[in-house]
Amino acid sequence: MSYINAFLVGGAICAVGQVLIDKTKLTPARILVLFVVSGVFLTALGIYQKLVDFAGAGATIPLTGFGYNLAKGVFNEVDQTGLTGALTGGFKAAAAGLGAVITFGYIMSVVAKPKAKR
Amino acid sequence: MNKNFTKQEYSKYVKSVSPNSKLFINIIKAFVVGGIICVIGQMIFNWLKGRGLDPEMVSGLTSTIMIFLGAFFTALNIYDELGRFAGAGSIVPITGFANSVVSPAMEFKTEGYIMGTAAKMFVIAGPVIVFGICSSVLVGIIHYFIS
Amino acid sequence: MAEKHLGKQTVYFAKPPSIRATASIVGPKEGKGNLRQSFDYIIPDELWGEDSWEKAESKLVRETLAKVLQKGSMSNDQIEYVLAGDLLNQCIAANYGLRETDIPFFGLFGACSTMAESMSLGSMLIDGGYADNVVCVTSSHFCSAERQFRYPLELGSQRAPTSQWTVTGSGAALLTSEQTGPFIRHVTTGKINDMGIKDTNNMGAAMAPAAADTILTHFADTGLVPDYYDLIITGDLGKVGKKICLDLLKMNGLDIENRYNDCGVMIFDTKQQDTHSGGSGCGCSATVFAGYIYKEIMKGNLKRVLFIATGALMSPVSTQQKESIPGIAHAVAIHRSLD
């Protein structure tokens, strides 16, 4: 059951992205920004947590889930340490992802070469 | 040409003769591929959870593995082909975020590892982090004052 | 009044220069396209033994120049000028491709119109008596253009149906003062024409008004009619731009449909090769001219050709600053013989 929910919700979030690409001619960078920021605000409004409870990875794997992570991290930090938590919470929550992406990005650029499209 | 059309009329005319994206098929492709990527994420999540790791660590590790997969298939020159087929279906998941970091890192290697790879690594994904962090700070401050 | 000037924008050559030889080298994808038979050499892969796309593009320019001299049986020291350009910032493909040639060099930028621009200026140099032998060469490379104008190659993005595919290739023409033909008879220099198109995925629409304007001006200046030419061919408008250009001409009472084509539409097999609207880039019009068109003229299948290379004069900076895309188009009329 969890797989079906993940498939449907994850697919639907991506489909929204596709509509934005085709209908608004937004560049991929703008779409990614839009999704992360939406994730942050939907989490702050308490909506995204319900989606995560329902769909699991279907809601956390799309980039809105990155925003969810940031907002959740900030809330935890603010609750624990006060106002400075607003500054530290986001990076703390994103630390694993950013560390991974920088490390893998660097390693892959050392070992791999771009190839022409055909 | 300015006597035939004003710029507004020309832009309207161009829209009428330019082919549109095949929206319906593109949405189906994005839905299916995006859905499958999320299912893979769920499978990794369930497997890690089944090994008795604590829940916080499971979600962090799941993201890390998905980022690795995105980076790995970018390095194999496969992720761009997937993107050509799936569009947002492979851009929106976190594997697409990894692709947007790894692809410029590879591309700009020819300008050196410091000014090429490292400096250009976040040329596409940088705005995601800037806006993600800024909005999280904003909601954090609001949360502090209303709770 | 300049005696060789006709009407507003056209030059008539009293002693028309000849195109002694042409050469074209293309990439593997172009080598599988519709015109694969007409090119001199198809490189085995896009890097061609170099370690960057830019160096590979310079090599294309260098080898195409060598090829055209070999085909024209001439050596570097017989050439008075080389006129060259490409799409990269500061035209580095031409600069580095030609640095060891020891030939006086004019670097040109006309975006994808550079082939016709260089042939226009080369013809004027020869007819003006400033030179006997001039080489015109331009290039583009899909990978170097992608990373300068769009995204890294490995980014998984989708192309719009109106987008075009930058041709990997270089074309060269050796112009001489000898009277052997085929001859460059007229040159019509285009004006910058901006109809406010901002979509960089629809270059054909941005350039088509410039092409239509140059074609209309050519016929107005010379008093000729379209039937005079066997082929009227634009550089890289693609499928969308080709249709717009035809429509714009029809609105102005000029129907050229039965003798009109576009290099960008011809070069790829758009059904098989996933190139959307068609080919683009300096190399598109250059290789189609140096390959297909020149060969058809030499075979006698085409007696008179009007070749109009089209360019989009924007940069990634102007696009990000929300500027629209100015277009340009230069026409060169080529005759098999003088009659």
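We just call them A, B and C in the order they show up, numbering each chain from 1.
Note that in this section contacts are C-beta pairs under 8 Å (C-beta built on N, C-alpha and C of every residue); 3 or more make two chains touch, one makes a residue touch a chain.
In this text, all values refer to a predicted model and were calculated from it rather than measured experimentally.
*Asks:* Looking at every pair of chains, which two share the most C-beta contact pairs?
*Replies:* More C-beta pairs are in contact between A-B than between any other chains.
*Asks:* Look at all chain centres (mean of CA atoms) and spot the one farthest from the centre of chain B.
*Replies:* If we average the C-alpha coordinates per chain, C ends up farthest from chain B.
*Asks:* Once you find the CA centre of chain A and the CA centre of chain C, what distance in Å lies between them?
*Replies:* Distance between chain centres: 45 Å.
*Asks:* Report the inter-chain centroid distance for chain B and chain C in whole angstrom, where each centroid is the mean of the CA atoms.
*Replies:* Distance between chain centres, rounded to whole Å: 36 Å.
*Asks:* In whole angstrom, what separates the CA-based centres of chain A and chain B?
*Replies:* Centre separation, chain A to chain B: 9 Å.
*Asks:* Hunt down the residues of chain C that sit against at least two other chains at once, touch-wise.
*Replies:* 151-155, 157-158, 160
*Asks:* Name the residues of chain A that each touch 2 or more other chains.
*Replies:* 21, 28, 114-115, 117
*Asks:* What are the residues of chain B that contact at least two other chains?
*Replies:* Answer for chain B, listing residues that touch two or more other chains: 20-21, 26, 74, 77, 80, 84, 86-87, 91, 96, 100, 102-103, 106-107, 124.
*Asks:* Please output the residues of chain A touching chain B within their complex, sorted ascending.
*Replies:* 2-3, 6-23, 28-33, 35-37, 40-41, 43-44, 55-58, 60-63, 65-67, 69-71, 73-75, 77-79, 82-83, 85-87, 89-91, 93-94, 96-98, 100-102, 104-115, 117
*Asks:* Which stretch or stretches of chain A touch chain C in the complex?
*Replies:* Spelled out, the residues of chain A in touch with chain C are 21, 25, 28, 114-118.
*Asks:* Would you tell me which residues of chain C are touching chain A in their complex?
*Replies:* Residue list for chain C touching chain A: 27-29, 45-46, 142-143, 146, 151-155, 157-158, 160, 168, 199, 201.
*Asks:* Give every residue of chain C touching chain B within the complex, in rising order.
*Replies:* On the chain C side, the touching residues are 51-54, 147, 151-162, 193, 195-197, 202, 205, 209-210, 212-213, 240, 243-244, 247-248, 251-252.
*Asks:* Please name which positions on chain B make contact with chain A in the complex.
*Replies:* 20-21, 23, 26-27, 29-39, 41-46, 59-64, 66-68, 71-72, 74-77, 80, 84, 86-89, 91-98, 100-103, 105-107, 109, 113, 117-118, 121, 124-125, 127-129, 131-133, 135-137, 139-144, 147
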